[in-house]
Structure formats: C-alpha cells, structure tokens
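By written order: A, B, C and D. Residues from 1 in each chain.
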Amino acid sequence: MQPIGRKRWSIAEGYIPSQSSFSDRALVSHETACILNAGDQDAHVSITLFFADREPVVYRVTVSARRTLHLRFNDLKDPETVPRDTDFSSVFESDVPIIVQHTRLDSRRAEVALMSTTAYADA
Amino acid sequence: MQPIGRKRWSIAEGYIPSQSSFSDRALVSHETACILNAGDQDAHVSITLFFADREPVVYRVTVSARRTLHLRFNDLKDPETVPRDTDFSSVFESDVPIIVQHTRLDSRRAEVALMSTTAYADA
Amino acid sequence: MQPIGRKRWSIAEGYIPSQSSFSDRALVSHETACILNAGDQDAHVSITLFFADREPVVYRVTVSARRTLHLRFNDLKDPETVPRDTDFSSVFESDVPIIVQHTRLDSRRAEVALMSTTAYADA
Amino acid sequence: MQPIGRKRWSIAEGYIPSQSSFSDRALVSHETACILNAGDQDAHVSITLFFADREPVVYRVTVSARRTLHLRFNDLKDPETVPRDTDFSSVFESDVPIIVQHTRLDSRRAEVALMSTTAYADA
C-alpha cells in the first residue's frame, strides 16, 4: 500500500477519570489513542504529554508494520503512570507516516459515554 | 456538482462490541463508515482492515453515483466476517473522490452511546 | 475579522431517529449542522442531501454576517421534509467562507447520547 | 519541540445546558475548548463568540509555554458570562501555533453524554 498518514499528530483533550462503574477491562473508564501504521516499516513513536502546571513527559511506543495499536493512556507506565482526574494533551511524533484517532470511554456513571475524533494532523 | 472529497481515507479506531442490549437492528451495537459519493460516476472502494496481530484483510464495495452508503462493518462477510471485541483500523481507497465519516453506536449497556468523526483524509 | 473557513463542506453521516423519549424541543432526537459565518457578508448556502436509493434534494439557507445558525435537519421543510429513520449525507456550498460542524442528539432511549465532528472541509 | 499547530481555529458548535444532574464540578454540564501550546513561547489567544441574533463578544486567555489549558466556556466572565441554553460558535486567534479540541459533557439527564472533535484548523 502506498504510504498514508502523517508524522506529527496532536490530541488536545486528555483526561482519565479515576472512577468506573465496572471492573471489566472493556468497560473501565479509559482514554485511548488508536494508532495505525499501514506501511511496511515499523513506526517508532514518541508521545509527549503536556499538563496544566508542570513540564511535559515523554513516552515511547513501537507500532509494527501493517498493524494497529489501540493504546490506552491508562496503561502507560514508563517513565511514570499518567495521573487520573488530571487535564493533559498529547503530541505524537513518528519516523514513518501513521494515523491517530482519539477515543474516551467514560463509565463514571452506570451507563457508558463515548467520544472520538480524528486527531489533529500537522502539515 | 463539482467533484468533492478525497480518494484515500482512514479510520484508526475500530471495534465492534459483541454485546447489545437490543435485538432491533437500529440499536444493535455497530460500527459504521458513512461513505458519500457526490459525483456522477460510481465509486469502487477497497477497504483494508488492519489488526493488532495479524495481516490485513481487503474488502470491496461500490457506492453508486450521487448516493450515500452507510456501511456497517458488522455486515462485511467476504472474504470473512469482522471479528467482534477486536481492535482494528481501516483504510479506504476509491477511484473517484468520496467522503468518509465514522460512527459507532454502542449498546452494551441498557442506554445507547454514540461517537462520530470525519475520517482522516489523505492529501 | 480576517476571513475564516471554506466554501464547500460535507457531512457523510445523517440519520434522524423518529423516536424520542422527550417532547421538550431541546431533548427531542435531532441532527444538526452548526454553521458559522464569521465574515461581514451574508452567506447564501445550498445544502444538497444525498440518499441511499434516490436522487439528491437541494435546500437553501442564509446565514447572516457575524452570526451562527444551528440548523436542525429536522426543521427543513422546503422542498420537502427530511425522512426519519433514513440514511443520508449532505454537502454545503456557500458563496463566502463558513465553518460547519455536525452534531446529533439521540434520545431514543431514556438517556441522551451525543456525537459531534467538524465536517469535511474541501480544499 | 518543533512548532506544531495553527494560529486560527474555529468550533461551530456551542451550547451550555443550564441543567445538570450533579453539582460536582467534574460532572456539571460543560462545554470545553482544550488548548495545547506545545511551543516555548506563551500563547496569547483571543476567543470571539458568535451568536444567532447579536454581535460577537471577544474574550482573551493566555496559555503558557509547554502547557495545556482545558478552558470551560462556563467559566468565562470578562466582559460577560456566556448565556446558558443559547447557541453560539467560537473563533480562536493566537500569536503562536496552538491546537484546539472541543468537548461537551452533558448531564442534563441522570447519565452523562460526551462529544468531542478536533476543531477546524484554518489554513
């Protein structure tokens, strides 16, 4: 497949609710970046998290060639876990073109709420 | 109408819940790609589905001239059904300009949750 | 204000549920196109609705200079009302730059579901 | 980090419900613009709110270098509070590149509804 995507993306919204009405992994409140690498080379992606009142923190993930990674911010652990109930934003920088979409499943209440958007693709 | 749209699109999010609180087709959990072909020639669209841990699978659909197709990933059957409760992403490649929007209706719980976004339009 | 926006937009998703759990206008199921005209000249906008199995239908609205119009597809009446429980897509063509965002409030069930996305802005 | 973002953005949707099922700040109905300034200079942002039937109103906020601001329209007070149950749109103009995403949490009913989209980024 001909290359598709961009190398730099951003999700300005970010917030992981600490509460959930369910313990099942599928329905625990989570904030996700879905990352597609449709190309034939692995994508090395750095994810910089920005906060309201402290310096950014950088994470690194690899998305294999021709694979998708639905990455939960909840699961990031190195260099530190992402604080709950805290506003953040993120910037993705990849060495090959990728596509990024943002989703939150929110189960603070007994019913599930969802939101999603294609991330901002930088020129 | 003057041509409108792009030939290559991507939806990085993809997930069909296996559960639904309703059996009515309108309210069964579903993941949809709304495809508009506003032009005067039929659109031949290949849809490549990418997964977390196996090779991509290609589907083909036709969207008639001046028509919309709200395609449920749930309904794709050839060459195989789309697995439920499984992360995927998709890339759309058309021979004429189209517009693609992504929607999920999620009725795993007794109430309905919705999300939608214009897909990523490649340059 | 310096001109902002584009002249051609599209929302590939479109569906007005016939059912609502509420009779209050704010909470009746509705599908909306929010149209901002930030400029100093009135915007004359034609809206073409596309369907799955019949020819498109054209509507016309005016958005005054420096005003926003949150247009419910439910309220379109001329040349005909928009059928309920029916898939459609829309294309917006304006004589001056505008910005279009799509929203659905869905109250088929007792709780409210929402979705929204910036529409596709054609180059 | 290399500059990322745009200087002019718009959110065509805007509506703050006056009702909420909860008094807790996190779950009060709110309309938010998440603004990321990933650069090394403070961003001075003017936000122009447009209405259906009166002239626009301008607000000003600063987003510090390498910080995110999840700005609730509910909290804007100067020159005036944003009216509830009223349609509006917004345009963001910054002196340095920023990224803007729109979110509404709606708790008019006992359960929470969410929607989000990357704002329109002007060329």
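Simple rule for what comes next: a residue touches a chain if its C-beta (ideal position, glycine included) is under 8 Å from a C-beta of that chain, and two chains touch if they have at least 3 such contacts.
Everything numeric in this text was worked out from a predicted model, so none of it was measured.
Comparing the CA-atom centres of all chains against that of chain A, the greatest distance is found for C. Copies chain C and chain D of the same chain sequence form an interface built mainly from non-equivalent positions, shared numbers / all numbers used being under half. Centroid to centroid, with C-alpha atoms defining each point, chain B and chain C lie 21 Å apart.
Chain C has its Cα centroid 30 Å from the Cα centroid of chain A. Among the residues of chain C, those in touch with two or more other chains are 110-111, 113-118. By the touch rule above, chain A contacts chain B in their complex via residues 1-2, 4-5, 26-27, 32, 34-36, 38, 66-70, 99-101, 103, 110-118, 121.
For chain D in complex with chain C, the residues that touch the partner chain are 8, 10-15, 17, 48, 50-53, 55-56, 85, 87-89, 91, 102, 104, 106, 108-111, 113-120, 122.
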